[in-house]
Each structure stands twice: as C-alpha cells, then as structure tokens.
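What follows is subunit A paired twice: with subunit B in the first complex and subunit C in the second.
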Partner chain A sequence: MDELAYSSRMVDWAPLGKLLLVMCLLIVGLITESIVVPMITFVIGILLMAYSTNMKIPLILSLAIGEAILIMIIGSGMISIMGDPNEPALWEGQILWFKIHMTATSFNKAWIIFIRAIAGVTLMLSFASSTPIPHLAQAFRSLHFPSEITELIVLIYRYAFLLLERFLVMIDAAQCRLGYNGSLTAMRSYGGAMAGTFIFSMEMAEKSEAALACRNYNGYFPIYRPPRKMSVMWPIVAIGSAVVLYVFGLYSVGWIDMQQIFAPLFGW
Partner chain B sequence: MSDSLLRTEKVTFSYSRKGAKVLDEMDIDIPVGKKTAILGSNGAGKSTLFSVLNALNKPASGKVYYKDAPMSYSHSGKIRMRSEVSILFQNPNEMMFKPYVEQDVAYGPENMKLPKEEVEERVQEALFAVGMEAYRKSPIMKLSYGQRKRVTLAGVLAMRPSVLIMDEPTAGLDPQMAYEVMEIAEQLNSSGVTVIMSSHDTDLVYSWADEIRVLNSSKCVYSGIPEPFYEDYQLVQKAGLLMPSVYRMNRTFANLGKCELEPYPHTQSQLSVKISDRCATDFGVMNVVKVDKDTDIPALLASEGLEGLPIGIYGMSARTARNKTEMSVDFMYNGPENCIRKCLSGEDSVLLCDPIMVDKAVSSADFINGNGYGKIDVRTV
Partner chain C sequence: MHIMEGYLDPMWCAVWFVVMIPFFVVGVIKLRKILAEHPEQKMTVALSGAFIFLLSSLKLPSVTGSSSHPTGTGIAVVFYGVGVCSVLATIVLLFQALLLAHGGFTTLGANCVSMGIIGPLCGLVLWKLIRKANAGVFISMFVAAAIADLMTYVVTAIQMTLNVVTSTGADFASSFIDFMSVYAVTQIPLAIVEGLVLAMFAQYLSTAKPEIFGIADENKLNPFSTEV
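Now for the complex of A and B:
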C-alpha cells in the first residue's frame, strides 16, 4: 500500500487537504436525503482514484472495492426486505424463518445506504491509496492529535508490512525446498510459514528496535521529504463543494426513485 | 545434445512493471558437470538471475531452458525441477523456515518424502559438513549470521541436489569455513553435481572455478574460462571487479621478465614455484591416503609408516573418519594446497583424502610436475 501511495500522482497533494476534501464529500453524502448526491461523490471518488493511480486501478484495490460492494449488497438486501409492516408490500414472502416484507420506502432506503457506503469506501480508498502513512501521521500531528496515538498508528502500520513481507519471504523459502510437494506438505508449509512469520518477525521487531535506538529514535519518525502544506484553496474547495452538493441535494430529493426504475423489471 | 544444463535465451526481467530491467535480454548458459562462478558488482543481477533459474521469478520475456527443455512453470514442473536444482539464498534470514536448527535442515528432505531414518542420516551428515552438529537443537534465532549461513547451507546439502546454485556461500563465513565450503563444492562436483556459485571473493573463486560468467548492467558480458576475461583490463574495471591476486602477480612477474605469462598458476604455491628458478628435485613426497568413513586413520598411517608427517585433510569421508579419533590434523582446510606447500619446502606430507576426491588431490601436483618446475612425487595409498 505504501508503495502504491508513493507512486500515486496525488502524493504531493497536501494530505490534510485531501483528508478534508474526502471528509466533506463523505459527510455531505451521508446527510443529504437525495440519492443523487452520494452518486456524485461516488463518481468523484472513482475519478480521484483513477487519476491517482494513472488510470490503472491495481488489482488489490479493485478487490477491496469488490469485496466492500459485496458486503454492502448483502447489507442493503437485508435492509430492503425488512420494511415497515404497516406499509403496502412490494414483495412478501418467507425464506426459512425469515419474514420478507419489502416496501417502496425500504427499497429506496436500502439503495441510498448502498450508494452512500460505496461512495464512502471509494473516497476513503482514494485517500488511502494516495497518502503514505508518514504523511498521514504528519497530518495528524499538525492537527495536534496526541503523538502517542499517531506513533501507534504508524508503528502498527509498519509492523503489518513487516509481517506481510516476512510471510512472502517464507513462502519463497518453502518453495525452494519443495515445500509444496503434495497437498499435505503444502498445508504444513503454509502453517509453518504463518508460525514462522510471527517468530521471525518478532526477532526483526527486536532488531528494528535496536536499529532505531542506535539512530537516536526519540518518539517520532521525521519525514524525509515532507508533503506540501495545506493551502487556503483546500478548505475553500472542500467546503465549497460540500455546500454546493448539499444545496443540490435539497433540490434533488426524489429525482431518482429506485423503486420506479426497478418497477417494470419486477412488475411492481 | 548440447552440454548446457541451464540456459537463458534473451531473458528480460524487472521487479515491477515500470521498474528498470534487472536482466535485459540476457543470454547465459551453465555447462553440465562443471564449476561455474557468476561474477558481478553489487546489484549486477546475480541473485535475480538465480531466482529466474530456479523459477522463483518468471521472466517478462525470453526463455529459460533446463536440460534443453523450456522451463515449466506448472506446479508439478516446478516441483520436478526443484527436486534436482537446489538454491542457497544469499541471505540466510530469507531461507530459514523452521525455528530450530535440526528442524530447518530436515525440512527439505522431509518435503522430499524420504523415510525418517534417511532424513535423520542426512541431517546428521549435513550438519557435520558445515561444522554445526553442536548446535543441532539450538533455536536458529540465537545463532550468529555466519552460523545461520552454515545452517542454511546444511539445509540444501541435505537435499542432495544434482544441481546446486549457491548465492555468495562464503560471504560472512570465517576464512577457514570459506575454504571448507569450497571443498564441499569441490566434493559435490567430484560426485557429478553441477555447481554454480556467485561470489565476491575473487581469489577463492579463481582457484576453484572452471568457468566464469560476468554480469554487468543487466547483461552477461563475459562467459568462458577466467583468464581471457582478466586479460581485458578495461572489461574487468567496467564490470566493477578486480583481478585475483595470484593472477595479477603472475602478470606482474611476466611483465618484469621473470617468467612467461602462461601457464597460469591458480594458487599461491603454483605461483611461487613458477617464479623460483630452483628447478628442484628435492621436493617432498605427497602421500594421498584414501580414507573411508570407517577407516582407522592412526592404524592405517602406522601400517604405511607415515606417522609424524604433516597431515592435511580433504573431503567428507576423511573428515568423518578423523572425527572418530582424537588425532590432530595440521591442515583442516585447503588440504592439497597446504600439503603441496610442505612438499615444496622439502618435507613429505600426508593428505587424508576422500576416495572420490583422489583425482583432484593428485592433480594438484600436475601444475608443478607437468610444466617442468620440479617433481613432487605423489603416492596414492
């Protein structure tokens, strides 16, 4: 992820500015009643991500988004079938001991939640994929977050990569000594790799501590090439776009009625 | 049928899509049954080449051939290839898999589905070969760098591959152990294993390698026997390498008119005898004594009347046999060279030698005897 972030075209943008923009878009998407606004923020998120990764959205990000969408489809599906029993039902039925009662309101509500959610995920990812953790830490620091929390985030993040890297190394080590010769052996090798990852990375963590100490680590990682400071343009653009979207949201309530779009399909 | 075992054809590889090419249309071939050294400066791509040869990395373009067949990247194809071709990583920390020494060494043989006794025997033998038996039960994490290096070497030796790729096996080892590793490589080669090694120890490699391959700026810039490469001073400089000291001294003496350039000596004793004008006949006798695993060395020496002579040791079975006695040995490493040196100073010497290595031991006197620099009698017992 860090590698991805450093190669992003938005890496030079002020992290705080990015964070503010993403937050504003996120919030406005959540508070408006109109489904059009989260759709717009979703598109903005996708565009930002496409720009950030130079139109090549890497597999790992698409997987993350795909997975998030899947989870949200299930979640929204649940919401849509648990409508108010007093309203007229679009679809009624029973699956096992599950009572299904889908109403126009619940259907629309599910959609708006679904779109808000994927918009949120893409926006957050567009931020995460373009902001290396040290930059984020810097942003936190300039917001006067407690330094303990900031450094903790940084350390956890680094340790996660340490583990991941170690795991990949272990897989290679196993391969060279026929670790995948047969499924039973392969299973043992995966187990060994996982155990080994922890054992060996423990050592690495110990060594890194020594390495840090030797180089006068005193509680925070300085940034070699600091990102740009947030200019006044950022809050103007961020808050401005949020206000515009919010106002737009007030007007656009009910522009798109998902239930009516789907009505012909299901004969409601 | 060509005599190349592993061959790359216009292999291009880079670690990331946008990254620089680490191997750029590289053509290289590794002859079967020989000792090949891969040389090159830091970052020249030696380790990367090895990872491609072991199918750990797949080239972006070009082909890799193993035994004249294109490398298979299918699961079973890789397993088949890797059960014959073993690789020793440069960094032992990237190679360790199990937390305890003996477990780690046993990991390869276990994966080969060998019977338990066989695994046990191989672990024992491999740990002995690298001088780490005393650490059998130690946690790997409590070992020093060089010790880890030895353990990982034992791990690949225990797999008894028919092709062994070693990425800087001597880096970080103490000087004696470095010689012992070369001896192990020599022994494996005597028993038919193709050995490929990368190393920055120019001198050690020069006395060992049959052939060299030199990598520079993602290409193979030289392939063949060592001398013509070192002859090309520009090329050596460009590749970021140095001449081996024996080679350089021989060259300097030749420039000074002290001797001819050829034949090229590969060891210090060969060089010394070449430039000393003393075409002596009073060199000592080198007694090459074949020693099996179970030979009673003191008894054998006594029966041959070879007691009291300086003793060198060469090869696995000789080391095993010697380990069973309390006998002291004068040269635990680099046996043939040290024995020859003794002979040059007029003393007789004894080389306890693994039967499989006898030819190699005997031929170490060839340079002197064959070029008229004197006569060292070699007696095989």
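Now for the complex of A and C:
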C-alpha cells in the first residue's frame, strides 16, 4: 500500500487536509436522509481514487474491495428483511429461522446504507492510496498526539506486514507437508502456524529492538521529505462542500425511491 | 465483526464513540506509564497490536452486514489490561478501515467498544477467576481468548440490533436472535480455534518467559486503573 501511496499523484497533498475532506464527506453522507448525497460522495470517492492511483489498483486491494462489497450486499440485504412488523410487507416469509418482513422503509433504508458503505470505501481508499503511513503518523504528531501512539502506529504497521509474510510462509510449508488433509489436521496446522508466527514475532521483536537501538532510535522515525501542512484552503473546501451537500440533501429527500424503481421487477 | 462504514445511524456512531473515549484516554495514560517504566516492552506492545491486526484480518463474510474472524485480543488484554487493549484495537481498526476496507471511520467507536473493550474485559475477568482457582496457563488463556472472541460478537450483534430497531422499527428480540444465530455458525468454531492457538502460544511463553505471566497476573481488572 505504501508503494501505491508514494507513487500517487495526491501524495503531496496535505494528509490532514485529505483526512478532513474524507471525514466531512463521510459524515455528511451519514447525516442526510437523501440517497442522492451518498451517491455524490461515492462519485467523488471514485474520482479521487482514479486520480490518485491512475486506476492502477493492485489485485490484492481489488480483492479486499470485492470482499467488502460482498459483506455490504449481505448486510444491506439483512436490513431490508428486518422491517417494522406494523408496516405492510412487500415480502413476508421464513427461510430457516429467519423471519422475513420486508417493508418499503426497510428496503429504502437498506439501499441508502449500501450506497453509504460503498461511498465510504471509495473515500477511505482514496485517502489510503495517497497517504503513506509515515505521513499519517507525522500528521498525527503535528496535532500533538502522544508520541507513544504515533510511534505505535508506525511500529504496528511495519510488524503487521512482517508477520503476515511469515504467516503465509508457514501456511505454505504446512501445505507442502499435507497439513490440510482433513479438517482436524487443517485446524492443527492453522493453529501451529499462528502460534509459530507469534513465537517468531517475539524473537523478531528482540532483534529489531537491538537493530533500532544501534541506529540511535529514540522513538521517532525521521522523514526525509515531510508531508505538506494543511493550508487554510482545506478546511474551507472540506467544510464548505459538506455544508453544500447537506443543504442539497435536505431538498433532495425522496427524489429517488428505490422501492418504486424495483416495484415493476418484483411486482410490488 | 467489524461493522461496515455507513451501517450505523449517526446517533449510534456518536453513542459508541462516547462510550469508547474514556477507555481510550485511560489506555493512553497507562500505555505511556508502561513505556516510560519498561521501555523494553515497546516492541512486545507493538507486536501484540500487529498480531491483533493479522488475526482480525482473516475474515469470512457473515450474513449480518459484518464478518467473522478471530480477534486476537486475548493476549493483549491479559498482558496489558483493557485500557491498552482498547488503544491497540483502535489503531488496528483504523488500519483495517484504511487498508482493507474492513470496518470504517464512523463505525470506529462501535467496533472498538466490541473488539477492544467489552469482549476483552470479559476475557480478562475469566482469566483472573481461573488463575485464582490455580488453573494452568493453557486452560486460563484458552477460556479468556475464546470468551473475549465470543463476547465481541455478542456485543456487535447487540449494536447492530439496536441500530436496526431504531432505524426500521424491527422487533429487538427477533432481530437479536437473527444476528446471533448467524454469527454463531462461524464464530463458535473460530473462537475455539482462537482459544487453542493463543493457549498454545501462552504455554510456550510460560516456559520460555515465565516472568511475563507474573506481570499479567498483577494486572488490574479495573479498566480505569492507571496502575501498571
């Protein structure tokens, strides 16, 4: 991800400014009842992501996004079938132990949640794909966050990927030894790999502590080219766009009724 | 179990942030004390966080608007208490929202309350009780890690149910049963596996570094205690 972020066209934008813009857009999408506003924030997120990455998203990241979208579809579907029992049902029934009571309100709510979630993913990834973690830590430091926290942010990020790499090696090794032959053996192999990863991590912690001490580490990772500071334009743009979208959201409630759109398809 | 971005209504986002903040602040204070008095613990704290990140990234989609995965908070809460665990969980949740589209910014408070505070607190209570009964490290860690994992999902199910009840007017009891029963299919086996894995690791540590359990046993149960 850092590689992607360092090559982003938005890497020189102020990290705090980007974070503020993303947070404002996320919040405005959440507080308005109009589905049009999350749709607009989704488009903004896609455009920012496209600009940031030049639409060259790594496969592993695409898979993560795909999985997140699957969870969103399932989650929104779940909300749509949990309607108010006192409202007339669009669809009623029972599958296994699930009582289904889909109402117009719950169906529309599910759609707005789905669009908000998708918009959230695009906005968050536009930020992540353009902000290396050391820049984020530097931004937190400039906000006077406790130095221990900013240090932990960088350390956890570094170790997480080292552990992941080690874990995948152990999984592959177990596979070479037919470690997934049967569910009990698979569980044992999986457990062994996890325990092995943590044990390895303890050894690695001692080595890396010594290595950092040798390089005069005193709790701060210096950055050769520090990120830009947030100019006054960022709050103006971020808060201004949020206010405009909020006002627009007040007027656009009910412009798009998903239940009406899907009614001919499902015969409601 | 991370609740996705946009799933919770603004009111619930705010409520869970308000619940989270005192634990987080106390956690930061406690963490600063730990690192000031034991600077050598820095790497172990960071690795506990990285381990939470690694385990909680191994997710399976669940039919709830969320996902199932181990939480990995058992070790961190036993070693450092609930406050520090909430700080580590917050950092991990922030990374997962940014890097893996897993969870979200506005749902960070809710996710931290379930995975970083209430779930681990239940695990820590059981760890204390079982250790007081002179049980071994393996059994104590197995129960603490498995219960921390399961309670995380119970709390998430409650959070999602409350949101559905207030936003669509659904019935609380039937919604909660729906959420819980779906989670149970994937989460009970995962909690057992996580309990076993962390118990194996704790068993190794108890022979390789027995002094670390001395610190863990002296850890205060009260999340607002800033004593190290």
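To be clear about the criterion, the second predicted complex is superposed on the first by the 226 of 268 C-alpha atoms of A that agree within 3 Å, B and C clash if a C-alpha of one lies under 4 Å from a C-alpha of the other, contacts with A are read in each partner's own complex, and residues count from 1 in each chain.
Heads up, the rule we're going with is that contacts are C-beta pairs under 8 Å (C-beta built on N, C-alpha and C of every residue); 3 or more make two chains touch, one makes a residue touch a chain.
Keep in mind that this is a model prediction, so the values were computed, not measured.
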- prompt: By residue count, is subunit A touched more by subunit B or by subunit C?
  reply: C
Message: Quick one: is A:179 in contact with subunit B, with subunit C, with both, or with neither? Answer first, second, both or neither.
response: first
Query: Which partner does A:199 reach: the first (subunit B), the second (subunit C), both, or neither?
result: both
Query: Is A:76 contacted by the first partner subunit B, the second partner subunit C, both or neither?
result: second
Message: Per the contact definition in the header, classify A:169: touching subunit B only (first), subunit C only (second), both, or neither.
response: first
Shared subunit A contacts, counted only where both subunit B and subunit C touch the same residue: 192, 195, 199
For the subunit C and subunit A complex, residues of the former touching the latter: 4-7, 9-10, 13, 28, 31-32, 35, 40, 42-47, 49-51, 53-55, 57, 59, 61-67, 75, 87-88, 91-92, 94-95, 97-102, 104-106, 164, 167-171, 174-175, 177-178, 181, 193, 196-197, 200-201, 204-205, 208-209
- line: Counting only contacts in the complex, subunit A reaches subunit B at residues 7, 169-170, 172-182, 185, 189, 192-193, 195-196, 199-200, 203
- line: In the complex, the residues of subunit A that touch subunit C are 1, 22-23, 26-27, 29-31, 38, 64-65, 67-68, 70-72, 74-76, 78-79, 82-87, 97-99, 101, 103, 105-106, 109, 113, 115-117, 119-121, 124-125, 127-128, 146, 148-149, 151-153, 155-157, 159-160, 162-164, 167, 187, 190-192, 194-195, 197-199, 201-202, 204-206, 208-209
Complex contact set, residues of subunit B against subunit A: 18, 54, 56, 75, 78-79, 82-83, 86-87, 89, 93-99, 107-108, 110-113, 141, 155-156, 159
